[in-house]
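Read through the structures below before going on.
Same chain, two partners: chain A is paired with chain B first, then with chain C.
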Partner chain A sequence: MKIALLELRRRPGRFLMAAVIMTLIAILLMFLGGLLDGLIKSSTGAIRAQDGQALVYSQTSEASLLRSRIEPALRAAVEDVDGVERAGGLGVVQLGARVPGKGPRDLAGVALFGFEIPPKGVPDVPPRGTAYADETLKSDGVEQDMTLLLGPARSPIQIVGFVSDTSFSGQGSLWASPETWRQVLGANRPDARLAENVFQALVVQGDEDVASRIDPATDGRTDSYTIEGAVNAIPGVESQRNTFNQILGVTIAIALVVIALFFALITVERTALYGVLKALGGRSRTIFAGLVTQAVVVTLIAAAIAGSAVLVLDAVIPAGSIPLDISLGRIAISVVLLLAAAVVGCGFSLRRVLRVDPASAIGRGS
Partner chain B sequence: MFLALREIGRAKARFGLLVSAIALLVFLILFQQSLQNGLLTSFTGAVKNQSAPVLVYSVDGQRVLQASVITPDLEQRVRSTEGVGEVGAIRQGTFTGAPLTESENFDTSVIGYDAGADGEGLGAPASLSEGRLPTRAFEGVASAADARNGYGVGDVVRIVPGDAEISIVGIAQEAQLNVGPTIFVSNETYLELVAAVNPDAGVPPPNVLGVAPAVGVTDAQVVEAINGQSLELDALTRSDAAAKTPGVAQVQQSFAIIFLLYALVVPCVTGLFFLIVTFQKAGALTLLRAIGASARSLVWSLLLQAVIILGAGLALGILLYLPVSQTRLGGLELQFEEGAVIGWSIALLALGLVSSLFAARRVLKIDPMEATTGRGVGQ
Partner chain C sequence: MNALELTDVRKVYPVGDSEVVALDHASLTLGQNEILALVGPSGSGKTTLLSIAGGILSPSSGKVVVGGEDISDYSNGQLTRFRQEKVGFVFQSVNLVPFLTAAENLFVVDELGPRTGKPARATAGKLLDELGLAERTKNLPSQLSGGERQRVAIGRALMNDPDLVLFDEPTSALDTGLGAQVMELIRSEMKQRGISAIVVTHDPRITEYCDRTVQIVDGELSA
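For the complex of A and B:
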C-alpha cells in the first residue's frame, strides 16, 4: 500500500494520462446526470410540489393537465370517496408573458396555475389578478411587484412574491387564484376555455392509500395517481430517465474497461518487480491492494477535477439555455459509480498478479 | 509488419480490451447521434415536412404551433402584405387518440389545415409514402412512425372524449410533432374535434398561417415583408420554423458537449495504450533497431497496429449500433445514420492515429547503441 502511494507521489506522470481519461469520463457522467436531473426538474416541479396524497385527472386525459376536465359532479363524487379529507381544483395555461423593459418580441414562457390547495412552498391563494412566480423567471427579468402581460389578450398579472422548484414543462410557473387562471385561460385560449367550477385536475388530501380508491369509486371516470406516480406519468419523463440511465450505464462500463486496460498494462510492465516483491515475502493480496489503491486515488483525483469542472460549467451556462442541474448528490453518485468501476476494473489484473512466480525473480536484472 | 500482427495475435486480452473500449465509445456516440436526430425529427418533423414554405406565428406563441394564436386582425395584415401569394389557416392541438385496433391510448397531435377539395392546401404533408391526402371530413394522414400502433392506412383512430373517429387514408414520412403520433386533417374536421372534446370551447382562431410567396418573390423576402407589418407577427421559413422551435437549440447544444467529450476520450485511450505498450517493449524495439530494423518500419508497424485496433473497434461499435438503430425508444423511431457512421469513423480514425504519433515519437528516439547497455527507450 505504502509503495503504491509512494509511486503515485514520486512518478505522477505515469498515471497522468489515465487520470485525464478518467476526468473526461467523470465529466461526461456528471454532465449527463446533471442534464437528466435538469430536464426532469424543469418539467415536473409543479406536480412534485403538490401538497396532497393524490392527483386526479379525468379518465381519458393520459395524465395531461391540458386535456383533463373535472366537472363539479365528478368532483363531488371524488370528495365522497372514503378517506378523502379535502379536494382542491388545479388548472394551468401556458402562455408567453411580456416582461416590462424587454423588447416587443422578447417574451418569457410561463405556465399560469390556478390552485385551491397551496402547493408546498407556495403561500395561500393570492388576490385576483396577482400571482407568485417561480424564481427561474428572474432570469427573464421578472421582479417583485412587476406586472406581466400574458398571452395575445395581454392579461395583466402582478407578481407578489417568488417560490422555488415549481417549473412545469420547462417553463417558469405563476401561481394564481382559480378565478385569475380561468379568466386568463378564457381570454387567451378560446379552444381550452372551461366553465365556472370546472377544473383540469384535483389535488386530494387524505390517507396514504386514497389514490387507489378514487377510480373504482367514480366508475373509472377519473385517472388517479399518487403525487410520485403523477410525476412519472408526465409524458416523456419515464423514457427520458430510462434513456439517460442506459447511456450512463454504458459510460460506466467504458470507465471500467479503461481502468482495466490501464492497470493490466501497468501489471504487465511490473511483472518482474512483483516477482522480486513476492520473493522477498510480499503477498499477492498486498500487491493487488496496492493496485486498487492507485486506481482509487487516480479516480478520486479525476472525480475531484471533474466535479469542479461541472460546477464551473453549471455556473457559466446561461440560465434558460441547457437545462443543467448539478447537485452534490449527483456528483456523489457519479463518484461512487466510478470508484466501483475502478475497483472492478482492477480485478482484471488480479489473475496476473496471482500468477507471478517468486522464483522468476532469480536471475532477473535489477 | 509481420511482427505487428503477431504481437496482436499473442496479446489478445490486452488488445481486446482496447478494442472493447473503442467499440463501446463508438456505439455510444452513434447511438446518441441517432437519438439526437430522431428526437429533432420527431419533435419538429411535421413543421419541416409540410407544404407551406413560410409559417407565420404570433409573437406570443414563441414559435410553438399550439401556443400561437392568429387574431383576425393579424390575419388580415398578413393577407394584405405585398409579396404574399396564397394563405392558409393551420391549427394544432393535442388530443387523446384511441386507435380501434389497439387497447392503448396515445397523446396525438392533430394538425388542421385548409385542405380543399384535393387535400393539397397549405400545411398538408409535403409528401406521402402511402395512400392519399384527406379529401373528406374525418379523414386524416398519419405520421409513418406510428403506423404500427394503429395509425396505418385503413385504421380508425377515435379521439376521446367525444368519440369522434378519424379514418387514416395516407401516411407521411418524418411528420411527427412532439415525439408522438400526428394526424393531418382538414380544418373543418379539426374544429369538430375541438367541439367534441370540450363543449365549453369557443371557435379557435388559426394557430399559425401557412404562406406561399407570390410569383417572383422569395421566401426570405416574404418573411421580411410580413415581419415588417407588425411586431406581433413572427414569420419564418419552413426550415427556420423547425430549427427555431423552443428546445431544438438546447438539444443540439447538450449533445454537442456530450459528443465533444466522447470524441476526446477515444484518442486519449488509444494514445495512452500505444504509449504504454511502446514503453513496455522498449528493450525489444532497441534490439530490433540494433540488428538493422529501420525506425521507419517500426513506426509503420505501430501505425498499422493502431489502424487495425481502431478499425476493429469501429467495426464492432457499428455492429453493436446496427440492431439498436432499428428500434424504437418510447415514441422515438431511431434510424441508422449512414452519414454519422462515415463521419465519425473518419474522425475517430484520424484522431486515434494522431494520438498514436506520441508513441511513434518515442520509437524514433530509440538509440540502437543502448542495446549494448541493456537500456531501452522507456528507462
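For the complex of A and C:
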C-alpha cells in the first residue's frame, strides 16, 4: 500500500488524466445533486413547513391543493376523528406579483397561502392585507414593509417579515391570514373563488398515526397524508426525483467505467512490475489493495476539488436565480458513491492482477 | 544441511494435445555457501529450474528441498510465504521499482512480506552501506549507473536473509568490465554471508566466479 502511495506522490502525472476526469464527473454529480435538492426544496418547502402530523385533501384531489376542497362539514368530520387535536385550514393561490421598482411586466411568481395554523418559522397569523414572505423573494427585490400588487386585480399585500425554506412549486411563498388569501383569490381567480370557511386542505395536529385514521373515518371523502407523505405526493416531485436520480446513476456508472478503464490500463502496463513483486513474495491481495488505494486516493482528491468548486459555485451564483441547494450531506453522499464506484471499478482489474505469473519475472530481459 | 536438493524433478507444460518437457528428471544438490553456475542455451530449461528452486513454479513430479524445507507440494500461498522468507532473486534486467529510491527498493521486500518496519529499514541501510551505496540511498534507479542498479538488486535479494539467492543472467545487460565487477561483488557478498547461490548464464566467463558449473540442455542436467 505504501508503494502505491509513493507512486502517486512520485508520479502524479500518471494519474492526472484520471484525476481530471473524475473531478469533472464529481462536479457534475454534486451539481446535479444540488439541483435536485434545490428543485425539491423549492417545490416542497411550504408543505414541509406545516406544523402538524397530517395534511388532508379532498377525495379526488390527488394531493393537489388547487384541486382540493374541504367543506365545513368535511372539516367537522375530520375534527371528530380519534386522535385529532386541532385542524387548521390551508389554501393557496399562485399569482404574479408586481414589485415596486421593477418594470410593469417584470412579475415575481408568488404563492399566497392563507393559513390557520402557522407553519414552522411563521410567528403568527398576520393582520389582514399583510403577509410574511419567503426569503427567496428577496432575489426578486422584495423587502420588508414593501407592498406587492398581486395578480390582475393588483391586490395589495404588505410584507411584514421573512421566513425561510417555504417555497412552493418553485415560487416564493407569501403567508397571510385566511381572509387575505380568500379576498385575493376571489379578486384574481373568480373561477376558483371559495365560499366562507371552505379551504383547500387541512393541517391536522394530533398523534403520530392520525393520518392513517382520517380517511376511514370520513368514508373515503378525504385523501390524507403524513407531512412527509404529502411532500412526496406533490404532483411532479416524485418524477423530478426519479429523473434526477437516474441521471445521477448514469453519472456514477460513467465514473465506474472511467476508473475501471484507467486502472485496467495501468494494470496492463504494470504486468512486468507485478510479476517482479509477486516473485519477491508479494501477494495478489497486497498488489490489488495498492491498486484500490490509488483509485480511492485519486477519487478523494477529485472529490475534494469538486466539492470545493461546487461550494464556490453555490456562493457565486445569486441566491434564487437557480434552484441550487448544495449541502455537505449531498457532497458526502456523492463522495461515498464515487468511492464505491472507484472500488467496484478497480474490481475489473482484479482478475488481471490474479493472473500475473511471478514466473514472468524470470528469464525476461529488459 | 544443503541449501538446495532437487531430486528427480520433472516439469511438463501442456501445449494443445501434447506436452513439452522443460525439465526432465533433474537432480541437483547445492551445498552450503556454494555458488553454482547453470549454463545452457536458450530454451534449455534454465529458467524453469530457477523458478522451481525459487518456489515460483511447482514441479510436475520430484522433490524440491530448500534450506531443509520440502516445498514440492506447497500451495501458491505457501510458496508466496516461502519466497518472502527463504530465497532472494536478482532478475535479468534488474527490475527495480522505478519510482522507489535505492533504499525503498530494498525496503519493498519488507513491505510485501513481514512488515517489520524499523528493523528492515536498518537492514536496508546496512546492506546499501556494505554494497558501497551509502551515498545513493535516496536516488531513484534512473539516477543510478548500471552497476549501481545491479548492486541495489543484490541488496534487495539479501534483504530477507535468504538461504538461497538466484541470479538470472546478472551480467547480461552489462559490458565485460562491469560484468566482471558485478560477479566479483556477487561472489564476495555470498561468501561473506555464507549464502548459496545459483547463477544462470550464457556467458562462460561467468563460470570462473562460481564454485561449480552445471550444464543444462533440453531439460537435462549434466555436470
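Rule of thumb we're sticking to: the second predicted complex is superposed on the first by the 358 of 366 C-alpha atoms of A that agree within 3 Å, B and C clash if a C-alpha of one lies under 4 Å from a C-alpha of the other, contacts with A are read in each partner's own complex, and residues count from 1 in each chain.
By definition in this document, a contact is a pair of C-beta atoms (placed from the backbone, for glycine too) under 8 Å apart; a residue touches a chain by one contact, two chains touch by 3 or more.
All of these numbers come straight from a predicted model, not from anything done at the bench.
Peer 1: On chain A, do chain B and chain C fit together or clash when superposed?
Peer 2: fit
Peer 1: When the two structures are overlaid on chain A, which partner does A:G129 contact: first (chain B), second (chain C), both, or neither?
Peer 2: The answer is neither, since A:G129 touches no partner chain.
Peer 1: If you count the residues of chain A that each partner touches, which comes out higher, chain B or chain C?
Peer 2: Counted on chain A, the partner with more touching residues turns out to be B.
Peer 1: Kindly classify A:M17 by the partners it touches after superposition: chain B alone (first), chain C alone (second), both, or neither?
Peer 2: First partner only.
Peer 1: Which partner chains sit in contact with A:V258 here, chain B, chain C, both or neither? Use first/second/both/neither.
Peer 2: A:V258 sits against chain B, while chain C stays out of touch.
Peer 1: Once the shared chain is lined up, is A:V276 touching chain B (first), chain C (second), both, or neither of them?
Peer 2: The answer is second: A:V276 touches chain C but not chain B.
Peer 1: After lining up the shared chain so the two structures overlap, which partner does A:G229 touch, if you call chain B first and chain C second: first, second, both or neither?
Peer 2: In the superposition, A:G229 touches no partner, neither chain B nor chain C.
Peer 1: Is A:G96 touching anything from chain B or chain C once the two structures are fitted on A? First, second, both or neither.
Peer 2: first
Peer 1: Taking the superposition as given, does A:A359 touch the first partner, chain B, the second, chain C, both, or neither?
Peer 2: Touch partner of A:A359: chain C, not chain B.
Peer 1: Let me test your reading of the model: by the given contact rule, A:T286 touches which partner, first (chain B), second (chain C), both or neither?
Peer 2: Only chain C is touched by A:T286; chain B is not.
Peer 1: Which value, in Å, gives the least CA distance between chain B and chain C in the superposed three-chain arrangement?
Peer 2: Across the overlay, chain B reaches chain C at a minimum of 11 Å between C-alpha atoms.
Peer 1: Going by the contact definition given at the top, which residues of chain A touch chain B in one complex and chain C in the other?
Peer 2: 365
Peer 1: Which residues, counting only chain B, touch chain A once they are in their complex?
Peer 2: Listed in rising order, the residues of chain B that touch chain A are 13-14, 17-18, 20-21, 24-25, 27-28, 31-32, 35, 58-62, 67, 69, 71, 93-96, 98, 105-107, 160-161, 179-180, 194, 197-198, 200-205, 231-232, 234, 246-247, 249-250, 253-254, 257-258, 261-262, 264-265, 268-269, 271-273, 275-277, 279-280, 329-332, 374.
Peer 1: Help me check something: in the complex, which residues belonging to chain A touch chain C?
Peer 2: Counting only chain A, the residues touching chain C are 2-3, 6-7, 10-11, 272-273, 276-283, 286, 358-359, 361-366.
Peer 1: Using the touch definition from the top, list the residues of chain C that touch chain A in their complex.
Peer 2: Those in contact with chain A are residues 46-47, 50-51, 54, 56-57, 77, 80-81, 83-85, 89, 91-95, 97, 99-100, 104, 108-109, 111-113, 140, 156, 160, 168-169, 172-173.
Peer 1: Can you tell me which positions in chain A touch chain B when the two form their complex?
Peer 2: 17-18, 20-21, 24-25, 27-28, 31-32, 35, 58-62, 64, 66-67, 69, 94-96, 104-105, 107, 109, 151-152, 170, 188-195, 198, 235-236, 238-239, 242-243, 247, 250-251, 253-254, 257-258, 260-262, 264-266, 268-269, 321-323, 348, 365
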